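Shared between the two complexes below is chain A, which has chain B as its partner in the first and chain C in the second.
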Partner chain A sequence: MGKIEIKGVTRRFGATTALDAVDLVAEDGEFLVLLGPSGCGKSTLLRLIAGLDTPTDGRVVVDGTDVTGASPGDRDLAVVFQSYALYPHMTVRRNLAFPLLMDDFRWWHHIPGLGSALYRRERTDPEVTERVDAAAEMLAITELLDRHPRTLSGGQRQRVALGRALVRDPVAFLMDEPLSNLDAKLRAETRYEILALHQRTGRTVVYVTHDQVEAMTMGTRVVVLRDGRIQQVGPPGEIYRDPANVFVARFLGNPPMNIGPGTWDAAGETVTLWGGALPCRAADGAAGPAGRDVLVGLRAEDMALVPDTGPAVEDGDLAGQGFRATIELYEEIGHETLVAVTPLAADPVVGVRGTRVFVRHTGAPLPLGAAVRVTVRDGARVSLFDPASEERLGALVGCGISPVAGR
Partner chain B sequence: MTATVEAAPAAPAPPAPPAVRRRGGGFGLALVAPAVVLLLLVQAYPLVEGLRLSFTNTALARPRAGTFAGLDNYAELFADPRLGKILWVTLVYTVASVVGSLVIGLVAALVMNVGFRGRGLLRSILTVPWAAPGVATALVFIWMLDSQYGVTNWALTLLPFVDEYQRWLNDPSLAMPAVVAVTVWKVFPFAAIALLAALQAIPEELHEAAKIDRASGLNRFRQVTMPGIAPVVLTLALFLTIWSFRRFEIIWLLTGGGPVDATNTLMIDLYRESFKNRQLGYGSAIGMVGLVLSVLASVVYFVTSRRLTRRYGGVS
Partner chain C sequence: MTAPAAVTVAPAWSRILLRTGKALGILVFCVACIFPVYWMLVTATLPTAELFDRTPKLLPDLAGFGVFVDILWTTPMGTWLLNSTIIAAGTTAVSVAFGVTCGYALSRTPFRGRGALGFALFVTQMLPEALLIVPLYAVFAALGLLNDLGGLVIVNAAFVLPIVTWMIKGAVDSVPLEIEEAARVDGCPRLAILRFVVLPVIKPSVAAAAVLAFFAAWNEYLFAATFATDESIKPTSVGLTSFIGEYSTPINVVMAGSLLYALPAIAFFMILQRHVVSGLGAGAVKG
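What follows is the complex of A and B.
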């Protein structure tokens, strides 16, 4: 139970296409993250799964049953909303019990006076109280049960919202940016709580976010969306390492992947980037594009910089390697230093501020404005993209200076 | 504040801030004074004057010749066997028109809350009855409800089971429903607009959460919509109640309080006593009874409103 299939789903709002023929499968028990910038269609996709919206075209299948036209309540999916959507006039206990009470609702409960019998069950029915208490205990909100949502902090409300989803024991949880209204510290804490909840219940989670840190740390698989189309699906490490195109490369990772125009010479085993030669050998799928123009993608941690002592560098294993650049900015993030450099040969029309390349620097600090050479580390992953389509061509392995000890 | 003032003489150097602050109090009072004076003139004076009149035997013809009559007016009023009927008629009229306006207003608001083409136009049209002058409304309805030439009777006979013309405004059992219907027609748009605003303030995600929680349409209405609009409903109920106590022109023009006092509310009776029977003092006593009723309605409102707040709190 808990397998969700999206089959050729398209959703149009008037002239705009929010989702364009999306195919996707969330396997049972997996934590699937829908990631993308705002307006990419990730929330629309979640709402289509939940049944809060219906696709223009295509089908939604849950556990082999076509639920495309089914009402939200008939899908046995729980939704955690960004705004928490707690019922303001109900206590926390009733908020949690509400889905259970609605399951037992009969038409005659509408007769004045008889409905109260149903709502009394939130305290008297052992099944209801047990499930509510268990969920409250799991989320550490037991002492909040008799309070109203307005008296709770954002983090507490978020836990109540999770609890309300949990109480029903649904086949899958759908979460729409559940952490975006929390401050940074609470966000990290709640992230682990959601992960723990996923591990304890073993239920499928479909999780929408625009925050790549959440996507990387939480998802068993990540779906990157852009303009209603899936860009890439895969485990977070794979998407980080081998992005399917330039958009994914730039969207994931902080700092984003450095991308510049260059050439790949398979015979000479060299990538030329910003006028500098980076020694590489072909890895998977990279044999094809030899000798042609490419877009070269390099992560900050896959590069190294050394002082540039002149045009002809004779500095050990950095002989003649790398492109020349000047140091523009230092960014200390505690355990490491991020250095922004501007390649000397960078095309000046690329951006107003010029091209900025981020390098993770572990050596002695260099002064601002210093001339440096930047090259690849040995064993680094170098991604190649097609300059026209910006799609991934393949990857190379760097043969530059040896990695710093300890890395 | 007190401490600073006492300390001021001891400290030679800077006693300026407390002095300024103390003068600030008087200055503040000076600033609100015009508003206070205006309120006293406009609100308090008529109230006190009305109260004073109710203890005199003032006649309309010689308004300055009235003399103190003690509780005579009240004694006469409470001894009048008609008072019970007047209060009953007032109650029936008030409850029927308030409930009618709220229910029809809510239905209209719910319909307008569903997005459809021409919603803006409908909303504008809907405000027309509310904006129309009461006198014009009453005159139009007098013709529409006319027993022989009225369009109401003609339209009703088109129905298969109606073949008799009714004397809407002249039949003691039909006059009240007719007056209430005209009142509701005029007042419900106000309720509808206020309720529509309240409906639109309910977050859409609450309705969606309730759908996910398998609440039926009726349950979503009771558990999400009603709690969301409850404060507005309560406020509306207070306004509509007090307006109903005070409503004059529609009833007066449609029936004049008749037939056989069937629509003789407190307000109509006040007017009759003061300006037809020219007993200004007696009329003022009736007005004081009306005032007490309005205050009672306000008390009910504040008690209920506080209980609502205590139970649910504001919408978070």
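What follows is the complex of A and C.
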């Protein structure tokens, strides 16, 4: 149970298309992250799964049952909202119990004066109290049960919202940016809480976020969306290492992947980038798109820089490889340093002026404005993209300097 | 509290002066509000002869309090008050019930002509009541609603409902949509969302609307005077005017009746006043 299939779902709002024929399957027990910039349709997709919105075209199938037209309450899915959406007039206990109490809703509860009968089971039904207490204990909110949401902090409110989802034991959890209203420290804590919840319940989680760190650390699989279309689906590591196109490469990772126009010479086993030669070989025996213009993608950790001391460098480790650049700024992040450099070889055609290339530097600090040589590390992953379509063409393996030589 | 330190070190005498000034201002305002009521009480207890003395009496005559008993025993005051209560309670119930559902629909359901409908509701408030009295009389006569408490409830509700609808619409607009979506996911039917999720949150506005509807119906005179000619149907507003005779008007009786007329309305307000508190909406979503 807990398998969610999205089949050819399109959602249009007037003239704009929020989702364009999306096909996606969330396997049972999976932590599927929908990732994309704002306006990419990720929240719309989640709302369609939840039943809060209906698709213009296509079907939503949960555990083999077509629920496209079913009401949200009949889908047995729980939603955690970004704004928590707790019932302000109810205590935490009642907030948690509410989904259970609604199972017993009768028409005569509408009659003024008889409405409170709806809440009678909140304390009398052992099953309700048991499940509420269990959920509260799991999220460590037992001592908050008799308080109202307005007296709680943001983190506590979000835990109550998680508890309300948990109490129903749904087939899947749908979460719409549940952490984005929390401060950095709470966000990290709650992130682990959600992961623990996923592991303990074993239920499917569909999680919407625009934060790539959340996507990378939480998802078993990540779906990258852009303008209502799926760009790539896969485990976070794979998407990071082998992005399907330039958009994914730039969206995932901090800093984003460095991408520049270059050529791949298969015979000479070099990639020319920003006027420098980077020694590479085809990965896994794949020929690669030799002898044509490509977009070359390199992660910051796949590059190394050494001071450009003129002929000495030519004779030394680099032996003529790498492109020339100047150091623009330093960014210390604890154990390592991120260096932004500007390539010097201003290709008159593509014009690299203003291009900022991020390199992870582990050696001795260099002064700002220093001339450096940047090359590819040995064993690095070099992605190639088509300059026109920006789609992935293949990958190369760098044969530049080893990390030790870069020091 | 992060009040600037400069405020707390202001000279003590100026603060005392400010507070005294404020207190005095409030006192004057309260007296101005209460004095007419007090004057009614004084007038009600004085014998008619003393009412026209050159030096007005400022204290009520204890011997004159019998007028309140007299008015209940010798005039149909009790019936009038009962009629007023039925009309006002009926109007409140009808206009709140319909106002809540209409206001909710106007706020939440997108339909063609929603804006125009909202505007039309507003336009109804611009028509003078006197303009409608003749056509309404004809309609009510045809429907047999003249001399009927239900008829007065209908006409009062018709005039109050647009305002109540607007008040409720405004209140529902401020309720985060996500709360309702959460309720839908929790398996709450549409009407139950209104009853158990939205209504408790907008309770202060509903109470305010109820007070408004109650007072509008309680004080209404024009339609009651026109449609309720039968003595047993008259509400207090119409009944009191029947004291005004062609040759003489017993001022003390009119004042005593007016005071009795005001009391239930004040009681109703005080009961509902507790609920007209805001701040319940806080805490639903990230604030």
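Just so it is clear, the second predicted complex is superposed on the first by the 381 of 407 C-alpha atoms of A that agree within 3 Å, B and C clash if a C-alpha of one lies under 4 Å from a C-alpha of the other, contacts with A are read in each partner's own complex, and residues count from 1 in each chain.
Basically, a residue touches a chain if its C-beta (ideal position, glycine included) is under 8 Å from a C-beta of that chain, and two chains touch if they have at least 3 such contacts.
Here the structure is a predicted model, which is why all the values come from computation and not from measurement.
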item	value
Simultaneous placement of chain C and chain B on chain A, clash or fit	clash
Partner chain in contact with A:Gly154 - chain B first, chain C second, else both or neither	second
Which of chain B and chain C A:Leu118 touches, first, second, both or neither	second
Contacts of A:His335 with chain B and chain C, given as first, second, both or neither	neither
Contacts of A:Lys185 with chain B and chain C, given as first, second, both or neither	neither
First, second, both or neither for A:Ser71, with chain B first and chain C second	both
Partner contacting more residues of chain A (chain B vs chain C)	C
Overlapping contact positions on chain A, where the chain C interface meets the chain B interface	50-52, 71-73, 77-79, 81-83, 85-89, 98-99, 102-103, 105, 110, 148-151, 164, 168
Touching residues on chain A, where the partner in the complex is chain B	50-52, 71-73, 77-79, 81-83, 85-90, 98-99, 102-103, 105, 110, 148-151, 164, 168
Of chain B, residues touching chain A in the complex	203, 205-206, 208-216, 218-219, 222-224, 227-228, 311-316
In the complex with chain C, residue positions of chain A that touch it	50-52, 71-74, 77-79, 81-89, 98-99, 102-103, 105, 109-110, 115, 118, 148-152, 154, 157, 164, 168, 181
Residues of chain C touching chain A in the complex	176, 178-179, 181-189, 191-192, 195-197, 200-201, 203, 279-286
